[in-house]
Every structure is written in C-alpha cells, then in structure tokens.
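Mind having a look at this structure? Questions to follow.
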Amino acid sequence: MEETTIVIAGIGGQGVQLLSKVLAGAALAEGRHVMLAAEYGGEMRGGRSFASVVIGAERLRSLPVIERADIAIVLHEKFWEESAHLLRPGGLAFVETAFFDAVVEKTGQSDPPYRFAAFDGYDCAREAKSAMGAGLAMLGGLCAHAGLARTDSLVSVMTEITPPYRRQHVATNEAAIRIGAARAPRLASLESAA
Amino acid sequence: MEETTIVIAGIGGQGVQLLSKVLAGAALAEGRHVMLAAEYGGEMRGGRSFASVVIGAERLRSLPVIERADIAIVLHEKFWEESAHLLRPGGLAFVETAFFDAVVEKTGQSDPPYRFAAFDGYDCAREAKSAMGAGLAMLGGLCAHAGLARTDSLVSVMTEITPPYRRQHVATNEAAIRIGAARAPRLASLESAA
Amino acid sequence: MIAPDARGTISIDAARCKGCELCIPACPPGVLRMSNQRNEKGFLVPEVLEGCTGCTACQLVCPDYVFEVFQFRKIKAEG
Amino acid sequence: MIAPDARGTISIDAARCKGCELCIPACPPGVLRMSNQRNEKGFLVPEVLEGCTGCTACQLVCPDYVFEVFQFRKIKAEG
Amino acid sequence: MAMKLLEGSEAMAEAAIAAGLRFYSGYPMSPSTNLLEAMANKVPQSGGVCINADTEIEGIMMALGAAATGNRAATGSTGGGCALMQEAIAEAAISETPLVVFTIGRAQQDYRQATKGGGWGDYNTIVLAPKDVPEAVEHVQTLFHLADKYRCVGILLADNIIARTQVSVDVAPMTFGPLPDKEEWKLDGSSSGTGKAKFHWSWGVGKYNTRKPGGVNGHWNRVADKFRHIAETETRWEEAYCEDAELVVVAFGTAGKFVEYVVSEMREAGTKVGYFRPITLWPFPGEALARATAGARRVAVFELNAGQMIEDVTRFVDRGKVSAIGGISSDEDGLNIGRMMAAGEVRRRIADALKEVQQ
Amino acid sequence: MAMKLLEGSEAMAEAAIAAGLRFYSGYPMSPSTNLLEAMANKVPQSGGVCINADTEIEGIMMALGAAATGNRAATGSTGGGCALMQEAIAEAAISETPLVVFTIGRAQQDYRQATKGGGWGDYNTIVLAPKDVPEAVEHVQTLFHLADKYRCVGILLADNIIARTQVSVDVAPMTFGPLPDKEEWKLDGSSSGTGKAKFHWSWGVGKYNTRKPGGVNGHWNRVADKFRHIAETETRWEEAYCEDAELVVVAFGTAGKFVEYVVSEMREAGTKVGYFRPITLWPFPGEALARATAGARRVAVFELNAGQMIEDVTRFVDRGKVSAIGGISSDEDGLNIGRMMAAGEVRRRIADALKEVQQ
Amino acid sequence: MSTTDIEAPPGKRAVRVGHAAPPLMQTEEHHLCPGCGHPVGVRMILEVLEELGVVDRSICVAGHGCYATFTATIDIETILTLHGRAPATATGVKRMLPDSIVWTMQGDGDMVSEGLAEIMHTAARGERLTAILLNNGVFGDTGGQMTAMSVVGQRTKNTLEGRDPGNHGFPIPVADIISRFPGAAFVARGSVHNAAEATKTKRLIRRAFEHQIAGSGFAFVEVLTMCPTGWFVPTAGGPDYLSTALEPVYPLGILREVER
Amino acid sequence: MSTTDIEAPPGKRAVRVGHAAPPLMQTEEHHLCPGCGHPVGVRMILEVLEELGVVDRSICVAGHGCYATFTATIDIETILTLHGRAPATATGVKRMLPDSIVWTMQGDGDMVSEGLAEIMHTAARGERLTAILLNNGVFGDTGGQMTAMSVVGQRTKNTLEGRDPGNHGFPIPVADIISRFPGAAFVARGSVHNAAEATKTKRLIRRAFEHQIAGSGFAFVEVLTMCPTGWFVPTAGGPDYLSTALEPVYPLGILREVER
C-alpha cells in the first residue's frame, strides 16, 4: 500500500491533537505528502478526541474521512471500538500498556484480525519527567518501529509547534519522544505476545 | 363594446386623480364594475398626471394598462399626444376650451380619427366660484352627455372622499359639477363643430 | 436706477424656483416678496425690492439654487 | 461526628463537578478545598471541612450545580 | 356582495384581515409601501397589531414571534427588502412557523428569489402569483390557509400594477377545510414548568424531556418530506387552448393576465396558440405544463426578467422547444413594469414566436 | 515547491493572499470561523486589511466598498450568514463590483443559495466547488481572476471537511491571462471635480454628465448579456468513464471526491459506472452533462441535501432517467457532513442504483 | 438528596436552603466549560421566575451563544430564534400575548455585534419585555473571537495582539446607551464573579421582571459572566479577569429606574 | 450671470459673493419638492470640500432617500450603496485609501431605521470618516412614513393619529448616543431652517471634514432639514415645524469634540 493511515484516539487532555500534528509535520518534513483530520468535541476533558493521519509518497488519493486504518494508536480504552472498526485486517493496534488488557477484552474476538502491541507510554513519561508525555513516547516508539518518521523530525516539529506559553515543556517532551524511540526495539517481542 | 375606457390627462395640481376617483366611485355606486389606474410622478406641480378608468357591467376583462380609450378628458394641452395615441378611432376627445386650439393643432392630421369636443370648464369653475373646479365641471358635463354616471352620484362620491381639511371646498365643487352637467346639452353642437 | 448707496443686489433664476417662499422671511432687510408671476413650472416666483444688502441669506436658504448674490464694492484706482 | 454548634452543611454531587475551583475562594469561612480525588470526567473535585455555615455562597457561584446547602435549625417542640 | 373601490394594496390588506390576520409588521419600500400603510391603518381597527418595523429583518422576526403564538401573522416588502429576509424565511420554513410574506415585486425580477430563496437549508415556500386584484384577494386568503395547513411560509408575489390599481372588488371571507390544531406547538407560556415546556427552533430536536427521535436529521427529513408532499399535491395553474396549440405561451402574474388577454384574442381570430399560467410558482406545476405542451411545437416564456422561470420550464419541457420572449422591462424609476407590459408588445412578441413555428 | 502542512482554511487564506487579496472582513460562524481567524492573522502581515465585522452585512458591505476602489476584496461565512448577504451579493453583481465570497457550507445544503441566490434582480454568481484542499487553493485564485475578468461576484463553496482538514499543500501563486483595466470604474477620488466624476451603483445609469445610453434597462440588459456569455464560456467540470457507463453519478465538492474515489474503484472492478463532477455550479455545465450522460441508462445524483442540484440536472437530462441517491446528512452539531460522507455509504448507494439499472 | 439523610447536630434538623440544580431545569447536566459564568446567570433567572410565580406564563426567546444550550434544558417555553434577533421575535410574542412574561437571553456577541439594531429599536419602542444580556466580552461559542463588547487590549483569536482601538475601535456599552432611552423602565448591570455580586444581580433580575409585570416599559439587565476559555485564562482566574478587565469598562449598578 | 451684466452704482462694481448653483453640481436642476431642506445641506458640503481643497480626493458614499438624487448630479465620485449600509461601505473605501476624504450622506430613515447597527459600529470603531445625517424625521422618499427619528406625536402615513409612544416608542437621538463614544472625534447637530443656523451648520460640516483630514477619529454632523411633503405642512411652514417639533428633541450645537 502506498499510503499509510494512522488513527489516534483518546480522551480530551491526552494530547491526541498534538500527537497527530507532530506525526504529520515530521512526515512532511521528510518530503512525504500528509493529510490530517481531527475531530474533538470542544475543549472538554474526558470527551472523545480523535485524529487520523495519512502519509504517502505521492499526492494522496485517500479520502478526508478515512475508511480504513493501518495503525491505531490507542491512548485510552474509551472509544477503542471506533478505532477497531477502522483498523484493517492485519493492521497494528498500538496500545498504552495501562489499557492493554481492557482493550483486548473489549475486542472480544477469540482470534482478533489485528496485531496488538502494548507500549508503556506512562512509564516512559515518568522517566522523562514529562507530565503529558505518554502519548509522545508512544509516537516516538511507533515511528522508530514502523519507520513513519525519524525521531529527530518528531522532536523538531514538536519544538516548532509548541506555543510560547508552553515552552517549559519542550525539554521533557523531547525526552519522552526519545525514550519512547529507544524502547522501540523491544516492541517486536511485545507485539508477538499479543 | 361592453366596457368603456376613459383616460384623463393633465398636469399636477389640476385634479386628475380626484376626477378619476369621483368618476370610478360614481360608476361603482351605480352598480358597475370599475378599474382605475393612476400614474403621477410625485407631487410636483406641472408634472404629468394621468389616470384611466374602465367601466363595465360585468367583471372586467380590460387590462390594467389600457391599450385603447373610448374617451379622453383633456385638461391641458401638455401630454395630449399620449392620450391621442390611446384614443380609438371614433373616440371622443373632450377638451378644455382654453386648450382646444392647441390640441387640435398638435393633432395635426387633416382628418383626425377622433371626435373633438371643447368644454369650458374654467368658465363653469368661475361661475361656481370654485378655484379648482374646472375639471369637475368637465366631468359633470361629460357624464351628463355620455351617461357614464348620474350627476348626483358624482356629487355624493366627491363629498364622501373629500378629506376633512378640504371640507370647505365641497359646496363649490358640487356647484362646479352641477353647472358642468347643466351645460352638457350644449355639447352636441360643439362636438359636431370639431 | 440703482441708488448710489446700494450695497448689493441679486439675480433671480426664476425658471428654477419652486415657489416655496423660504427666501421671503430669510431676507434680513425684507426686500424679497412673492410676485404674481408664475414660471414655466407653474410656481409663483419672488421678486426683489430696493435695499438688498448682498447678505446671501436668500441664497443660503433657497433649496432650488435660484439666487446669485452680488455686493457692490468701491472701484479702486489701479497702480 | 457533627459538632454540636455546627450551623450548616453541604452535599457535593461530585460527578457533576468540572473542577473550576470557583467555589474555593467563594466560601466565607474557607471550609472548601480541592481534594485529590478525580471524578469520572477526570476533574479534581472539592471537599468540605468542618465549619460550614450554610451560607449558600458556594452554591451560588458553582456553574455546575454541584452543591446542595442545608442549615441546621433547632427542632421546636410541636403541639 | 359588497363591492368597494379599493386599491390593490388595500384589497390585499382587507383580504388578510378577512383571513384572520392578527399581526403585521413591515418596512416601507416602493411598491410595497402602500400595503404597509393599509395594514397600519386597517389592522389595529380590526383588533390586531401592526408595527412599523425599523428594518425588514425586524419586520419578519416580529412576525415570526407573533406566528409562534399561533396567530396569523405576515410581513412584506419588495425584492430588495425581501432579500434581507432570506435567513428568516428559511428559519420560519424549517421551524414550521406558518407565516405569510407579501413580495410586491418590481417587474418580475423576483421570481428566482421567491421560488428558490437565498436562505440556508432544505426548504421551500409556497408562492402564489395572482394575475389581478380579485385573484390577489383570493390568494391572500388561500395562502394563510395553506401556511397553517402545512406550517410553512407562503409568499404572495404581486407587483406594482396589482398593488396600485384600484378596482371594484368584493373582499368576501373565504371558507376552507378544517386545519390541524395548533395546540401542540403554539406558545403561550402554559407549558412552562410542566416538565414538557414547548420548544420552537429550526432544528426541531425538542427539549431534554421531549427529545424527538432522529435528532436534527430526522426533523429536517420530515420537513423535506412535507415539501415533497406539497410539491405533489398543491400545484395550481390555469391553461387554455393548449390541446391543439402549435405554440403555448407560459407567463405568470400580471404578465399572465396580459398573455391570457392576447392569446384569447388571437384564438378568436383562429390562431393555434394556447397559454399556460403557473399560479403556484412553487410548487411549479411542471407535470401539468409537460402535459399541456406535449403537442406544441414551441413553448414561449413571457416573463419580465432576463430569464428566470424559464429554468423551471426546461425542467419539464425539452429545452430545444423552449424560447424566451420576455425580457427586462423597467421604468426609469425601477418600480413599474416598463414598456413590455402592454398588450401591443405582448401581441407582437407572440406573433413573432408564431412566425418561427410556422416556418 | 514548498509544501506546508496547512488547515484548509489557512490554505485558502494564503491562496487569497497569493492572489492579491487586500481586504477581508468577516463574522464568525462555524465552520467558516477558522477562515476568518486565518485572514485576521495573515492578511495584515501581508500588508492588507482585515476587519472583524460586527455582522455579516457589515462584512460584505465593507468588502464591497474596498472592492469599489479596485482592490481585491472578500468576505465569508457559512450558509446562515450568507443568507444575510443576499441583498449585497445582488448589489455587487449588478453594480459589477468584483468580489469573492467564501461560503464554508454545512453539509451541502447551501447549493441552492449559492447558485440561485436570494437577492433581487437578474444576476448570477460564479460558484466554484472544490473537491479538496489543493483544488480549493487553485479555485480561490481562479475566482479572484474571474471576478476581475467579468466584474462579478465569485462564490467559493466549500465545507467543513475542506476547511478543517490539514494537508501538505503548496500554495503557489498562479498566473492567468491579462485582465481589463480597472481605471474606468475604480474609485480613488481623482475624478471628483473633473466634470466626469465616477458613479458606482447597481442601476448603472451614470451621472448627469455621463448618462449611459439605455438607462437602467440598458445597464441591466448589458449585465444579463454578460452573464449569458459567462454561462456559455466558463463552465468547468470533471468527468470520467462516462462513454460506456450505464450509470453516471453526479456529485459536487467533497461529495464529488468521494464519488470519484468509489467510482474509480468500481471501474477497476469492471463495473460500467462513470462520474460527472460539476466544478462550476454556476454556470452549471449542463451541456457537458447532457453529452456525458447521453448513453447512460440512469443518472444518479449524490448530494448531501434533500435535492437541490438535481433540479439543475433535470434541466439537461430527461427527468425520467434521473434519481437522487443522496440526502440530508448532518451531525448533531449541524456543522459537519454526517454519516453519508463515507466511502462505504457512497459505495452502497451507487451499488443500489446500479442494481436498479441492471434490472 | 433528602434532608433526612443529612446528619444534624443533636437537637437540630437540617433545612435545605439551596437546591443544587436550579428549579425548572429538565436536567442539571450541561456541557459548558469549567468555570463558565453563564450557568450561574441562568440559574438566577429561573429562580426569580419561580419566586414571582409567573412560570406558567413565561416565554424565553434566546439568541445564539453558549448559553443557548439551556434552551433545550430549561423547562420554560422557548424560541431559539436567529442570531441577534431575539428582541424582535420577543416583540411579536409579547404583542400577541400582552399578559405573558417574555424575556430574552442574549450574549454580547448576539446582542451587540449581530443584533445591535434590534436591541436598540426594541428598547426605544419601550417594548414591555425583560432583556437579559450575558456579557463575557467574547464570542464564546465560536471559539473566542472579538465582539463589539470586547475590551481594549483583550486578546482573542482574531485580535491576537489584543484589541487595538486604532484598528478595531472601542467597545459599545449598550446598557449605558439604553439607560438614556425614555422607553426603558429599568436598566442595570450585575456580575456573577463572586457570591456577593451574584446575590445583588439576582435582585436586579427580579426587579427587571417586576417592571414587566407592572408594564412600566423595557427592562434590561446586563450580567457580566466569566468565559475562561475565550479569555485564555485558567478557570480559577476567571473572576479576577472579569473584575480587572471587564468591570472597569462596565461598572455595576442600577443605571436607570422609573416608577413602576 | 457675469458680474459685468450687473448694473452697479457709480464708482462701484458688482462682486459675486454667492453662486446660485453650488460648485461641483453637474446640473442645478433637481426634482426634490418645493421647500425641501436637503438641497441646502448638500450645497454646504460641496462648498466645504471646495474650500478645503480636497475635492480631488473626495468620495461620497450615499444611502437611499430623497437626497440620493444628488448622487447623480454632484461632481464627486460616488457610491450609491444599499439602504442603511453607507458607513460600512465607506469603511471599506477609507481603509483601502487612507488619504482620501470619504464622507457618507444618509437620512434618518437610512441611518437610524435601517442602518442603526452600521452607524453605531462604525462610530465605535472610530473609523476616520465624515458622516452626514440629513434628518427630516420621516421617510421622505417613500411618501412620508414614520422613521426611528420621527418625534412623538408626529403624523405620518403609518401613524395617522400621530406617533404614540405607547405603541410606537420614542425616537432615537443617534448623535447624542455617538457623542459618548470614545472613537468619535467630533459630533454636532445643525439645521437649515433659517440662514443663521445654516451658516453655523456649514461651519460644523467644515470642522467635521477638518477632523477627517487630521485623522482624529469619526466625525459626525446631523443636519435637521425640512420635509414639508412628509410633514403635510405648507412649504413656507417647514421651518416653523422644524423648530417647534424637531428642534426641542434634537437640540443644536456641538455635542463632542476632541483635539485634532
């Protein structure tokens, strides 16, 4: 497949929108074509937050309302069903460890058609001393694993788009991405565990 | 012809609109169907003032922009051409004496297709001591001659529609109508003179 | 015909007049009055008596731009 | 557990709270403070210490209709 | 039968009052100003309310408020003023508020505005275009009936000629069939505090306790279905001499009256010409037109604009067969109907079209 | 080539600036608010002026004033806000003021408003409906060009998806052919006192010293002729696989992109289906549509409304052959495009239409 | 919660002095932002209607803004009318039902940006309505843009550098303007940024309805409310922003009152 | 008429001190009613533009009313814009051409009925324009109906019994309102009902343009004008009606002036 589609889902406040921008921006910086569609119900905490990113080498053919995803980044068990519905057979569900069991349970099929991978974003964030870094760490890990974008690209886009009043978080966010990326090699084993 | 069409033309201030309403109202009071179309360019003195009245026994077929008139009441030589244009062959041009010559001259054809009648409305108005009564006198004369409406009907409609602040003119206006009507018999001779 | 002490005068473009009579009370020396003459449009038009000061009041208030106003000034000997 | 001289109390419907903290400075005796507990929506919710007077200030300023306020009144002997 | 000599505007105001109008609010604009004046003078006498609105938007929004209480209400203007009402007309239509709007047009350049509208969303408005004052008196009453029957907006599209011509006319109140009860939706405050307070809005979703199934899509689809039903059942038109006509002339409103007059005259002289006059401009009587013109070799549209109704005509009649024989026709004051609204002109244009057919 | 990740709204704002926009004025309304914000932030940086208008009417009237000075100017809103602009759009069109209006629609329920308008008089507006952000970037620039070329109003009809989707896009300034000089009409005060001061008005009659022949009718007829010319020369559309298609699906804007996607997929699977996407909604590419569908057994219109474009389709395609396969589709917030804008849904509806054909 | 569930000191019983949810709400839930001031204002209106005993003849006409979410939850007959036009719509209602209690609910954007003509004309007409303005100085609902009441220097999404009077002009103090209209019976401004002001504001709202009941003319109450989201401040900082940025431009108090 | 045609007393010569037709009129003819006050106001504007030497950068934006007839005869670049919207249109012009002298000409119906939002928002924005209001308290052009500035008791075609405040409310004194706007640099009211007031009014108009030249803010002059037709009084009675009916409601003078 020439175009890769990633969906990111979580609840308000987990940084879904930031993640999607960092991913799309990094791919763009590497010369890829990207498309990003965001959906979020206002600023409310706890609400659904969802984004899709399409990455390709040529002018994209994908529709702006995606029909199928190759990879789902799952930051929270809530709203997982929606991502599951989009994930293609054989696609990768990249799940925060904290919600991994719940997600697997919700999936409910004895033989789920996706590949699952757990990733401990919270642990990376703790290590990076980044309050909100769990998602970024997952992104770092995923990209290092799946080759969607280079770690340095992620870091530089994150740095660029952080607004002035959030500058203090840049360093810890960077740490989160890099720690996540560093743990990517461990991914393969986790993945097969699913 | 079942429907009779009368056009009335003059300049602003001569009472064209009053005349048309009195005529239409009187015909209505006598059970006829009527239609009245007025055109006047604002309140300006000296401007064109024009009205058409259609009278018939049944629900009218005539169009609201009349194409042909049976009778033209000509209060002023100005704008006569327009009435002339509408007057049907054999129709009656009922002209204020003061402008009779000018009107005939403007008509210019050696054998005009209309019948002409001069009527000295100004003289009647003088006799009635009515400043603005010339037109009403002509109307009185015409109706008495052509049987469009009874003199009493004209008088009562005129009385009815005179606004409160013009009440003082009712008596002299009535006199003008009645004097005009009284002179109608003389019309026949004048008419044939044309 | 012009009084030697006359201070000004006006010209009246009667054709434009609409007979509103606003100029009459506007004239400070009271030298304007309505005449018996009607113009082409059918309006009675004003006329000016002697004693105009050239003050421009009539011109200022006339909605129909009827008046032109002149003041008489001494002719100075030129260098 | 309730002090005998207590004048009032409140109930907190924590599920509705959105953690805005407007109630905290509104309480005249200062008996409200933010707890460490999050509700279902993920917001930290307030808790009440002893000393509530039942003044209704918290209820008045809370945008999310969280508080119910009670005053303690002497039970009068009836009949 | 009590005939009175009334100006068209006065006659329409009396017809509205005869139909039970309780509220009018408008803003002056020639040639609709006389209607406002007639309403201002007559409505209060009949016990209703007439407000001199300060803008067209305020005019229609007041009328909308009045109509939401279940009273018959109307506003009016001419095309320019009605342009400002487009948002409100859409709101009334989609919130199902029965409302009548008088568009006293300038020439016939308001057809597209009246029939297509410039508001947002999926809505239509019933548009009646009378040919003369007596018909306007009937249409006004019919429109109030239809507006209530369907909870929709009715537009009376008239013109300067109808508004200003004075005719002997009998404004007799008409009777219509029974109407649905307004109790369900009309506001008067009495449902407040009952747990089921009424809610009036174009999204039609109901209040928390009275949530409507299907949400906003459900409401909008119901409204759209209603308009489809009206489109099928409420078309009105007048036609004559079409069976064997080689040429059918299509015209509406006052122009339709002129065409009727001229075509009848030509028929008397043996010419194979017919006419078709849409009375409801929306719903457009397209099926009827298709039938009436099935045998004709040519269909000529006479309208006083650059070609507006003709677009609807070609939805139902093969466009190869249709030609425009009207055009823009305005006086220098922009209000009246210009040189083209004259029997002679109409006759000439129809004759030219006939020549083409006969070639 | 400099690709940036831009939200559609930002991309359109940058495209407008690339096209030389000097003035923008708008009022917030979802989903057009982001465009206003982008303009408010970017236009002043480019040396132009952006005013936060206090109403949609003020927004467009300011833009009209700016445009009358010969500068490229625009305003924008969504359907509800654009409803308020109808009088002004007509005024701009008939006074021949080049103006661009962004209608960031809700679903596709703005088709009729954009293409038919609710203003008064005989006018049209060029309406371009891009299918995605890159095309919107081109359309914006094209529209400024066409508005100047014809001295008319151009409407860019987009939607929430285009306005909010972020894509990698290169906003490259486009070059077009030469344009007529604006000297004749643009205002700057310099003709005042020359005896030939310029006069800007929709009646186009000129001042006393520069009276135009034919008066108001003359002007309006000239304008109407201009629109007839545009209708003949400026239609744009995209079609594919129509030659041998049994079914042709017609769709515009984002819906057109979905249809293109699904139809291409079906073609690859050997199904005899084609698609036709009007790019100019006005002028409607009717002749092209008639040609493209001449051989088809069925023409299905997929639009996200209760049936608006279909009325234009039936002007050019026998209505017996045309069916609607779209419908009202809205989120509960009314802004977005609802369940129907999904490849699966489109696929299902086209498949159903095909089944009918094959029966 | 029933009062009997409440543990009281010996010899005393618990008396409920305030309901959590205001009366006349079909649900207490709403989706407005944390720290939003609107719900506080709406609560007071509903309480006043109940206290005055006019609920069963009350009709609300609301404009578009975040507060409009309550049109679906207050148990009061409601028209959610077009943006800016509530005063005109309410006029039509009141003229048809002179005995009803008609009130409008608008924000600063709805009333003073889009609807300035309507509110002014309605006030000038002396329409016997009660008009409530929930003024947060911003278009909250569309995400925080400048309104005609945003104060000088205020940062919004389309005045990123702050409202610059040289470019964007000055805010319009609509209540002060209307307070000079002979058709207005009562004009006042309150705030909900603390309990004391909220208490006073409720009294102002009550007075405004009393004027409508007495038919003495147009009654108007502006209520300053917090919009932390549109002001880009933390929720707890809302009251402070209100009192330092808005209140100096919109001072609190009764601006006009005629005899009832 | 050439001055040499004028007979002068001996030793004196005639000097023209006033042209019949104002400068910058392409024709002196107009079709306004006898006794109409508008032409007097328009004359003064044109004279001021000439005196200030700004003609060749002047642009007029006019609304719809009887005065609009002059849009076709004044030799000033003109936009005849939509009813009520002149201030908004003029804003667009001025923002694109900051060095031009942009002025609006509106009547009371155009400005205060249809266009109240536009004039208020533009004034609040402090737009550097000169706005002229020709206030005759009536819709003259449509035949004499009530506007938002018709005075209490005034008889119009849709208030046949006189404007009744109980039903139709009170007039809106727009100049007084704007005079409290910080964005306004100059606000004044004059009249043309006699020569003395007309002279003063011309000075006010001049000042208003001087403020625009200085860029000090929004400049506004209301001019009371006679409409004998719409007042249903004889032409000669116009000035008297103006001074007894309108002037008490709209007192003459400077209402606001800031430093230039």
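Just so it is clear, A, B, C, D, E, F, G and H label the chains in written order, and each chain counts residues from 1 on its own.
As a convention for this text, contacts are C-beta pairs under 8 Å (C-beta built on N, C-alpha and C of every residue); 3 or more make two chains touch, one makes a residue touch a chain.
Quick caveat, the model's predicted, so the values are computed rather than measured.
Asks: Along the graph of touching chains, what's the shortest path length in steps from chain E to chain F?
Replies: 1
Asks: If you tally contacting C-beta pairs, which comes out ahead, E-G or F-G? Let me know.
Replies: The comparison resolves to E-G.
Asks: Starting from the mean Cα coordinates of chain B and chain F, work out the distance between those two points in Å.
Replies: 58
Asks: Give, as an integer number of Å, the spacing between the C-alpha centres of chain B and chain A.
Replies: Centre-to-centre distance between chain A and chain B: 91 Å.
Asks: If you average the Cα atoms of chain B and of chain E to get two centres, how far apart are those centres in Å?
Replies: Going by mean C-alpha positions, chain B sits 37 Å from chain E.
Asks: Check each residue of chain G and list the ones that touch at least two other chains.
Replies: 33-34, 82, 116-117, 121, 148, 168, in rising order.
Asks: Spell out, as numbers or ranges, the residues of chain B touching 2 or more other chains.
Replies: 44-45
Asks: Touching at least two other chains at once: which residues of chain F meet that condition?
Replies: 51, 54-55, 80, 87, 203
Asks: Using the touch definition from the top, list the residues of chain F that touch chain H in their complex.
Replies: 22-23, 25, 49, 51, 53-55, 57-58, 61-69, 71, 73, 87-88, 91, 187-201, 203, 205-209
Asks: What residues on chain B touch chain E, complex-wise?
Replies: 21, 24-25, 28, 32-38, 59-61, 63-65, 67
Asks: Per the contact definition, I'd like the list of chain E residues that touch chain B in the complex.
Replies: 3-5, 132, 134, 161-162, 164-168, 254, 257-258, 261, 337, 341-344
Asks: In the complex, go through chain E and note every residue touching chain H.
Replies: Per the stated touch rule, the residues are 27-30, 33, 36-37, 40-41, 50-52, 54-56, 80.
Asks: Give the list of chain F residues in touch with chain E in this complex.
Replies: For chain F paired with chain E, touching residues are 78-80, 82-84, 86-87, 90, 106, 109-110, 112-113, 116-122, 203, 215-217, 220-221, 224, 227, 305-308, 311, 314-316, 319, 327-330, 332, 334, 338.
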